[in-house]
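Written below as structure tokens is the structure these notes are about.
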Amino acid sequence: MPDAIPEAAVAAVIEAGRRMAERNWVPATAGNISVRLPGNRVAITRSGFHKAHLTADAVMAVDLQGVPEDGALRPSAETGLHCGVYRAFPAARAVVHGHSVANTVLSRRAGETIRLEGYELLKAFPGLDTHAAAVAVPVLDNDQDITRLQAAVEARWARMADPVVPGYLIRGHGVYVWGPDMDAALARLEGLEFMLACKMAAISLGGSDP
Amino acid sequence: MPDAIPEAAVAAVIEAGRRMAERNWVPATAGNISVRLPGNRVAITRSGFHKAHLTADAVMAVDLQGVPEDGALRPSAETGLHCGVYRAFPAARAVVHGHSVANTVLSRRAGETIRLEGYELLKAFPGLDTHAAAVAVPVLDNDQDITRLQAAVEARWARMADPVVPGYLIRGHGVYVWGPDMDAALARLEGLEFMLACKMAAISLGGSDP
Amino acid sequence: MPDAIPEAAVAAVIEAGRRMAERNWVPATAGNISVRLPGNRVAITRSGFHKAHLTADAVMAVDLQGVPEDGALRPSAETGLHCGVYRAFPAARAVVHGHSVANTVLSRRAGETIRLEGYELLKAFPGLDTHAAAVAVPVLDNDQDITRLQAAVEARWARMADPVVPGYLIRGHGVYVWGPDMDAALARLEGLEFMLACKMAAISLGGSDP
Amino acid sequence: MPDAIPEAAVAAVIEAGRRMAERNWVPATAGNISVRLPGNRVAITRSGFHKAHLTADAVMAVDLQGVPEDGALRPSAETGLHCGVYRAFPAARAVVHGHSVANTVLSRRAGETIRLEGYELLKAFPGLDTHAAAVAVPVLDNDQDITRLQAAVEARWARMADPVVPGYLIRGHGVYVWGPDMDAALARLEGLEFMLACKMAAISLGGSDP
């Protein structure tokens, strides 16, 4: 029998779901949430649950390759993307994936990146201590083959000189963001979503956004 | 005396009203909600109640033709549309009808359908396991004669090659969505409303939406 | 000593404030709320209180001319408009006044009226049992002289062939809506605000709204 | 050991954070909040806390130059701007700083000021008893050097004939607003944010805003 998932990890996932639902970032059963556990384990939301009302039995454990500890449970379809973050970034201990109107609409209009420049909230990202900066948030084409999508993500990371943005968008699909703990991951998500909402509003005013 | 309505059905209707009100989808006393009961019965909201604060006495029973079990109570004016769904789709066990700004505004601009293409959230609809798809959500002209409107709905269903979308819009009026249970119906509603909100935002940015 | 205000009236005012605040219709200390009491009395919010957190001592009584029963208390600056409704419409028993972005922005662009046509939610207004209708909601120029503003309102009512809309807008200021009880007044307010939000969205999409 | 911070001051800061978070004005760990204490002390939020869930230990005391009473604690990075308000305006007893989509987007498009004219809610500002007025809200360029930014703010105040607006915007960053107590500061913030939201909506409709 697999080890139990620490209560604090389960609570962090449940609370993150509740907070993301409040902001309308997890419509239907969309979105998924995970935390890294000791011993190369990952606690992640199971497939098909609404994130507004998660309970402990909606959270299950997988290894860093996404293999469930309990073969009878089905993890989120995008578990491979969570595990890809944990394998690539040892400091990442929480990953959140949400759908917002802003990230969906802007990613459908974007090329390979979305540029964010001059926002005070850029400081929500690690390594940026000034608004006088610009970042290019990667935008990947959507793909139902998660192994292939994760390979595309890794190829993009390899091309990035300085992957300062702890997140990426999938076109028409949503955003992935990670951090050293759940509070940090959610704060970065809020910062990114705020800037995307600003960018969308700026364009709707008939102007452009640098 | 008619049989009582099962408590779980009443609770599902009340909770659905509360959730739809949180999203501003049932302004004034608009919207209505139903669940299929055993024995060809339907539990549905009575006319004139605000959906944010439903109580058990706001829910009544009708048969599949919409005839009230208790003749002293008046069901929602659109009961005929709910019953039409239950007659046509044996697997449908919950129907929700809401008004959102997005579904109202887009349906007033639309022709006979609203096209949704390339959204990950298309997977919220049954039978779609990829974003690489397009659906045409039917849009019907509004009509205060519910029998005539239901006939138009049935005529539309008869013309649809593959009626994959478990819902339709009524122009300037709102959306109907159904599912195998209330959670599924609400998840499909959330998915549809999310995509309509995206489509509206995309158009407001000065672009088009495929 | 003046008679106490019935508890149910105070509770209705407090709850209306809470609901209007949830929708962001009473920013700062804006907005005001009243109910008609027996004996030509009116219970109305005092000046300067935030409507999100009203308590019983924020509600006071005036007569139909707006004269406070307790001269030490200052009623809302727009008490004269509430009393004007009660004098003109004997069936009106609750009046709500709120500020929304939609009513503020549209009234600043409007001429003498705002036209609403073809919306199912027109049925939220009394005397309309079909969407196949159009109403012209009066828009009055703002005026800090409430006696003069109320005279302008009455002059407008006198010119209206069939004053079917139980409300009006004040340019750049907000909306007044009334009904036979508080629930009805709030439902009409929700219906009107919903249609104004639709109209604003329709215009932002680059189209017009009939 | 420094004197304790009065409980009422701590409670006011915590509640202000909660209310600002409800409106999405403090994304990530952005925003900061302070109150003036007796004896030239200021209670202010510590750096790095999310404003939605403040606790008493997230509030610390500084002097009017921003020097912490407890050197082990780090105040908000923008403490110097709060103290600048308290030094310049003896009647100011609460300062709030928030980020909204409207204030961020409009300040990025603005020149040296944002003009607000004809809104009833102008009356939320002190000294304005009519909508028939116009104010020019100062917009300062963002600067990570807070001492230099505060000097720019003071230079702007010196140039203003009648500094009627108890607040200013920092470009791409947010808004500062103050008042004689926390309720007044929040009411002014709500009034200003409401008018900025109206201005943004008016421009998105394809028109201008005076």
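By written order: A, B, C and D. Residues from 1 in each chain.
Here is the rule we use: contacts are C-beta pairs under 8 Å (C-beta built on N, C-alpha and C of every residue); 3 or more make two chains touch, one makes a residue touch a chain.
It should be emphasised that the depicted structure is a prediction, and the values quoted were computed from it without experimental measurement.
**Student:** Both chain B and chain C are touched by which chains?
**Tutor:** none
**Student:** How would you label the chain A and chain D contact, same or different, if same means the shared numbers make up over half of all numbers there?
**Tutor:** Since fewer than half of the residue numbers are used by both chains, the interface counts as different.
**Student:** Please compute the C-alpha centroid of chain B, do the same for chain D, then give the distance between them in whole Å.
**Tutor:** Computed value for the inter-centroid distance: 44 Å.
**Student:** Return the distance between the CA-based centres of chain C and chain D, expressed in whole Å.
**Tutor:** Inter-chain centre distance comes to 31 Å.
**Student:** Multi-chain contacts only, two chains or more: what residues does chain A have there?
**Tutor:** Touching at least two other chains: 204, 206.
**Student:** Indicate which of the five shapes (line, ring, star, complete, other) describes how the chains touch one another.
**Tutor:** Topology of touching chains reads as a ring, each chain with two neighbours.
**Student:** Which of the chains touch, listed as pairs?
**Tutor:** Pairs flagged as touching, ordered by label: A-B, A-D, B-C, C-D.
**Student:** Contact residues on chain A for chain D in the complex?
**Tutor:** The touching residues are 23, 118-121, 124, 129-132, 183, 187-188, 190-191, 193-194, 197-198, 201-202, 204-207.
**Student:** Which part of chain B faces chain C closely enough to touch in the complex?
**Tutor:** 24, 27-30, 50, 99, 101-102, 104-105, 108-109, 142, 144, 170-174, 200, 203-204, 206
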